[in-house]
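Shared between the two complexes below is subunit A, which has subunit B as its partner in the first and subunit C in the second.
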Partner chain A sequence: MSDEDAGKALQKRLLGEYYQSLGDAGRSGQKVAYLFVPGNVVELLRCFDMLPVYPEINALQCGIKKMAGDLILRAENIGYSSDVCGYVKNDIGLMLSDRQSPFGPLPKPDLLVCNYSGCNTFVKWFEALAHFYGAELFVLDIPYLRERGPSTADIEYVVAQLEELADVCARTSGVPFDRERLKRVTSLSYAAEKLWVDVLHAARSRPSPFDAYFEAVFYMAPLNILRGTEGCVEYYRLLLEELVSRQKEGRGPVPEEKFRVVVEGPPPWPHFRSFWELFKRWGVCAVASTYSKVGGLFDQGVFHDPAQPMESIARYAMNSYTNWNLGLRLDLLRQYLREYEADALIIHSVKSCRSFSVGQADFRDVLAKEEGVPTLMVESDLADPRYYSEAQLKNRIDAFFESLAHRRLVGG
Partner chain B sequence: MRTYVAGADVGSTTAKVVILDGEGDIAGTSLGPTGASIVEAAQRRFQEAVKAAGIDEHEVEFVVGTGYGRFKIPFGHTQVTEISCHARGAHHLFPGTRTIVDIGGQDTKAISVNELGDVADFCMNDKCAAGTGRFLESAALTLGLPLEEIGPVSLRAARPLRITNVCTVFVESEIMSHMMKGETVEDILRGVHNAIAGRSISLLRRVGINPEISFTGGVSRNVGMVRALEDQLGLRVNVSPLSQFIGAIGAALFALERARGGKLVAAPVEGGT
Partner chain C sequence: MRAWKEEHPSRRAVGAFPVYVPTELIQAAGALPIWLYGGGGSVEISHADSRIQSFVCSISRSTLELGLRGHLDVLDGLVFPSICDVARNLSGVWARNFPRMFVEFLHLPQNRRSPSAVPYTIAEYRRLLAGLERLCGKPVAPEDLRAAIHAHNENREAAWALLDARRRTPWATDAWETYAFLRAGAVLERETHTSLLRQALAAARERGRRPKDKVPVILLGAFCEQPPLDLIRAVEEAGCYILEDDLLLGSRWFRTSIPDGADPLRALAEAYVASSPPSSVSHYRGTPKQDLLPQRCRQLGASGVVFLTAKFCEPALYDQVLYKERLESAQIPYVHIEFEEKMSAVDTVRTQIETFVESVLFE
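And then the complex of A and B:
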């Protein structure tokens, strides 16, 4: 088996086991916590043997598996508006369909941990689930970051809430809080996070050995689902080996890397492949993306720390990409454009997601008009297939790369 | 033997073909509805344009296709998006052009170009057809007026209405509600033109409004829209009698570059739409 297959096979096995455990939760009696991806506190939950379920990831899986359209309609049938987040409606639709996900049945929540409050929709989403399932809801109030940090006061504020959450978890699970175990879990998180940063940095080479958007969104799955486990560390070790060997052979995701781009915004999951093709045909390779950082800005030095587990969880929770203000996000885009020697910025705006889309037009204005970065902004949705118009997207993408290619040709 | 090239612009509503001679002068043109068959529409327009030029089809050395139907044009040698073509065409007719507003059947585009006519930046309307040519067509239909009359009628408005909803789906109910209130056709139409101009200008602002501004696409034939744009911009806009052909002219100019041995950005391999 080549290295490439080994990484893929391990990911498949680990995720298969994870979904199997979700299907078995009813029988095993293991307590189930629902939580969000950005800045989540899964390390703490693992100390109580709680099984994490990520509704956002279920929603994106339904998108890829072409189930999202029907599920969204189910939610709309009971009154959800067409403007509501596609992920929320997908999840409500799943609930209305006996929670039959593309990977088998999902368990009901015993505890809902709203770990990120920067997106107002997240709070409303779990409030709805708390209502429908009659489950306990714990909302972490996460301070929004307006500068790199966070401050000591902010960390103390979040840690105090984490202590409260630990009490809730102990009560729900019947497992006492073992702080030594938290150290072990955070040290596993740290090991995987360090390897992931090396993976991301591999895209600095020419050609990049992988697409830091279209491939990275799959590579980041173990980190978002299995962080704090040994399998997760092993996966990133194998992935890094694979990318290093691709790097040595000069192999990349496109036959010839013609344009290096930075991508901002989540992908249109229901049309993921066809969207990628629109770029591939121009020899486009993403060398950095912001979406691959929704599960953590590790490349910005935000790691879990076994020496200070609670503080590092608090720090991590506040440093999720969408919890950064627009100035910080803009600086990050600038950093990526420079660090990865990108030719252009691509912004995929998501119709039903404000937490990502707000400010994107301003990014475009500043970077394109004031700083001369060729910037393309296209729009569809992350979950709702109705918002994807291939002919129009293709037209914009073709025009953009056509003019970039032309400028190169005439030496402009 | 003289050189001839062609540009075929198959849009969502109309198909246009322009034949240029080796000097870049127009030898023949043809325009007609796209209809259900892109292939047929393109072929018919090509044959007509060739006939108008008084030449044989095989004398056309190179053909560039553009518009939504560009990949389905059977006789096209390569494809260039209409964004690049409109930029090139408008710059050819009005060399001082730095900004282009193109209002077509389903799209509105704002394009900024450099002094060579190359695209510097562009913005297009969102997925829906609100505020495009289709809205004007539906408005004309609702009012029972031929499309070419609504512009001149709008210029006779005494008190233009303020219309905010330019949704193409709800155009009938929007207009009927104003008619019920006793508003005049002239005032309604001026309101419609102003609303569409306003939306187009907000697109233009995103790429930057630098004179000269050229107005292209089918809707530029509408004097009411020209007036509405000029009033709101406070600037004159260039409009050519050939405005509907500008995309095809641009495509033909790309074809000419190629025929002269120049390099042309190759369209990527088509993966099927």
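And then the complex of A and C:
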């Protein structure tokens, strides 16, 4: 088996086992906690043998499997507005359909851990689930990064809440809190995070051995779902090996890398493949993306730390991409454009996620008008297939790369 | 506003975006707090379009438009509280577009059950206060803060007296009138506004209006962006008595006085954590607000609920579904209307409310 196949096979097996455990939760009696990807505290939950379920990931899977449209309509039928987040409606739709996901049945929550990091809708989302399921809800308040870094008061606040959450988990699961175990779990997270950063940095080479947007969103799945396990570390070890060998052979995601871009914003899951094709045909390779940082800005030096597990969880939680203020986000885009020697910035603005999208037009303004970075901003949605207009997107994308190609030709 | 600035050339004016900001801190620093409630339909969105998408609420777009057109130049600072993603990101857009202004994002605690929420809030208020001290060029002494709390207590008390009177005798004062009196406070010194509210209450008492056959309702959903005045009037003219509402909620956030004793900053923080009203923008501390609503309707003798939610306002739109569910199981009628600052279809709304009123009357 080649490295490539080995990595893929392992991911398939690990995720398969994960979904199997979700299907078995009713029988195994394992307690189920729902939580969000950004700033999640899965390390803590693992210490109580709780099964993590990520409604955002379920929603994106439904998007890819073309189930989202129907589920969203089901939620709209019970009163959800057409103007609110499609992920939430997808999840409510799943609830109304007995939680039959593309990967089999999902368990009901025993505990809702609302790690409120970077998105206010998270609170409204889990308030709704608490309402419908009658499950206990713990809102873990993660202060927005309104200055350059977290203050001592911020960290103390989050750590105090983590201790309270640990009590809730112990009560729910019947498993006592073992701090040594937390150290072991965080050290496994750290090992995987380090390897992931090496993966991301591989995109610095020319050509990049992988697409840091369209492929990275799949590569990051184990980090979001399986962080804190041995299998997760092993997966990134294999992935890195594979990318290094691709690098040596000069292989990348497109036959010839013509344009290197940085991408801001989540992908349109229900039309993922066709959206990617619109770029591939121009020989475009994403070399960095912000969406791959929603689960953590490890490449900015934020890691879990077994020497200070609780503090590092707090720091990690404050440093998810959408929890950064817009000034920091803009600086990060500038950094990526430089560090990865990108030719342009692509902004995919999605209606569902205001946390991501409000402010992007201002980024475009600064970068394109004041700093001369070729920038393309297109709109659709991450969940709702109704907002994707292929013809319009194709026109915009073609016109943009045509003019970039032309500029290059005339040496502009 | 400009006149005030000319009269007080050395004083600063600091804006507060809804829903709740501890404006006591602004006053204690020596500045005039100004509540911003958007453009109210009077401003054409053009400049803001290039910086903020069209799928967000009017208040965010029109506030930015006012700023970009220079209409808010009188402000030396602007505080955005953590109410939603749109307002949060707007604070970032604001900071970049108005680099000379003092722009602060205040992260209010969402986990108000945690014992650590109070120390956290104190630290957050201190941070804001430090910024205000730098802006106003003087340190804030505890007596400054006590005086500001006192003025705010009196102001809230006067506001509640007016609202309570309306609840008890809704025929004596219209909701749009109390709204206008409260709204006037957005640009006034607390003390001036307090005496205005007291006069309004006295005048209402002398009016001697008689009760009419109207449907008593609770109005909910407009806690941030404010509906056009015509819309509030339309609800009343179509046959409703509005017993209670959440309009201008932040300006009268607390029902009881905040103690202005030995540690005023702590008292302010504790009040937020323990005594905030139910609101879509802060996570509940006790019973979820949708569970409280049927109870509240019964307590007040309200026959129904009118939801007025700002178009694109996610916090309101999510809550609306849960409210609706609870009202349906309690068999309490409701009507839901989405509004925008610029709203031409007031007549359609009037018809909708009339139909609702008829259905309640003939039940």
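Keep in mind that, in the parts below, the second predicted complex is superposed on the first by the 410 of 412 C-alpha atoms of A that agree within 3 Å, B and C clash if a C-alpha of one lies under 4 Å from a C-alpha of the other, contacts with A are read in each partner's own complex, and residues count from 1 in each chain.
Everything that follows uses one rule, which is that a contact is a pair of C-beta atoms (placed from the backbone, for glycine too) under 8 Å apart; a residue touches a chain by one contact, two chains touch by 3 or more.
Computed from a predicted model, the values in this text were never measured in an experiment.
**Student:** Are subunit B and subunit C a fit on subunit A, or do they clash, once the structures share the same frame?
**Tutor:** Superposition result for subunit B and subunit C: fit.
**Student:** Which holds for A:282: it touches subunit B only (first), subunit C only (second), both, or neither?
**Tutor:** first
**Student:** Figure out whether A:40 sits in contact with subunit B (first) or subunit C (second), or with both, or with neither.
**Tutor:** After superposing on A, A:40 lies clear of both subunit B and subunit C.
**Student:** Please name the chain, subunit B or subunit C, that touches the greater number of residues in subunit A.
**Tutor:** Greater contact footprint in residues on subunit A: C.
**Student:** Check whether A:11 is in contact with subunit B, with subunit C, with both or with neither, and answer first, second, both or neither.
**Tutor:** Touch status of A:11: no partner.
**Student:** Examine A:320 and indicate which partner it touches, taking first as subunit B and second as subunit C; both and neither are also allowed.
**Tutor:** After superposition on chain A, A:320 lies in contact with neither partner.
**Student:** Going by the contact rule set out at the top, does A:130 touch subunit B (first), subunit C (second), both, or neither?
**Tutor:** second
**Student:** Taking the superposition as given, does A:402 touch the first partner, subunit B, the second, subunit C, both, or neither?
**Tutor:** In the superposition, A:402 contacts subunit B only.
**Student:** Could you say whether A:391 touches subunit B, subunit C, both of them, or neither, answering first, second, both or neither?
**Tutor:** Once the two structures are laid over each other on A, A:391 reaches subunit B alone.
**Student:** Looking at subunit B versus subunit C in the superposed three-chain picture, what is their shortest Cα distance in Å?
**Tutor:** 5
**Student:** What residues on subunit A does subunit C touch that subunit B touches too?
**Tutor:** Residues common to the subunit A contacts of subunit C and of subunit B are 361, 365, 379, listed in rising order.
**Student:** If you look only at subunit A, which of its residues touch subunit C in the complex?
**Tutor:** Counting only subunit A, the residues touching subunit C are 78-81, 83-85, 88, 116, 119-121, 123-125, 127-128, 130-131, 139-141, 143-144, 146, 151, 153-154, 156-157, 160-161, 164, 325-327, 329-330, 349, 351, 353-355, 357-362, 365-366, 379.
**Student:** Using the touch definition up top, name the residues of subunit B that touch subunit A in the complex.
**Tutor:** On the subunit B side, the touching residues are 68, 80-84, 107, 114, 116, 118-124, 126-127, 206, 208, 263, 265, 267-271, 273.
**Student:** Taking the touch rule as given, give the residues of subunit C at its contact with subunit A in the complex, in rising order.
**Tutor:** 50-53, 55-56, 60, 82-86, 88-93, 95-97, 104-105, 107, 109-111, 114-117, 119-120, 123-124, 127, 280, 283-284, 288, 290, 311-312, 314-315, 317-322, 324-325, 338
**Student:** Tell me, which parts of subunit A touch subunit B in their complex?
**Tutor:** Touching subunit B from subunit A are residues 277, 281-283, 361, 364-365, 368-369, 375, 377, 379, 387, 389-392, 394-396, 398-403, 405-407, 409-410, 412.
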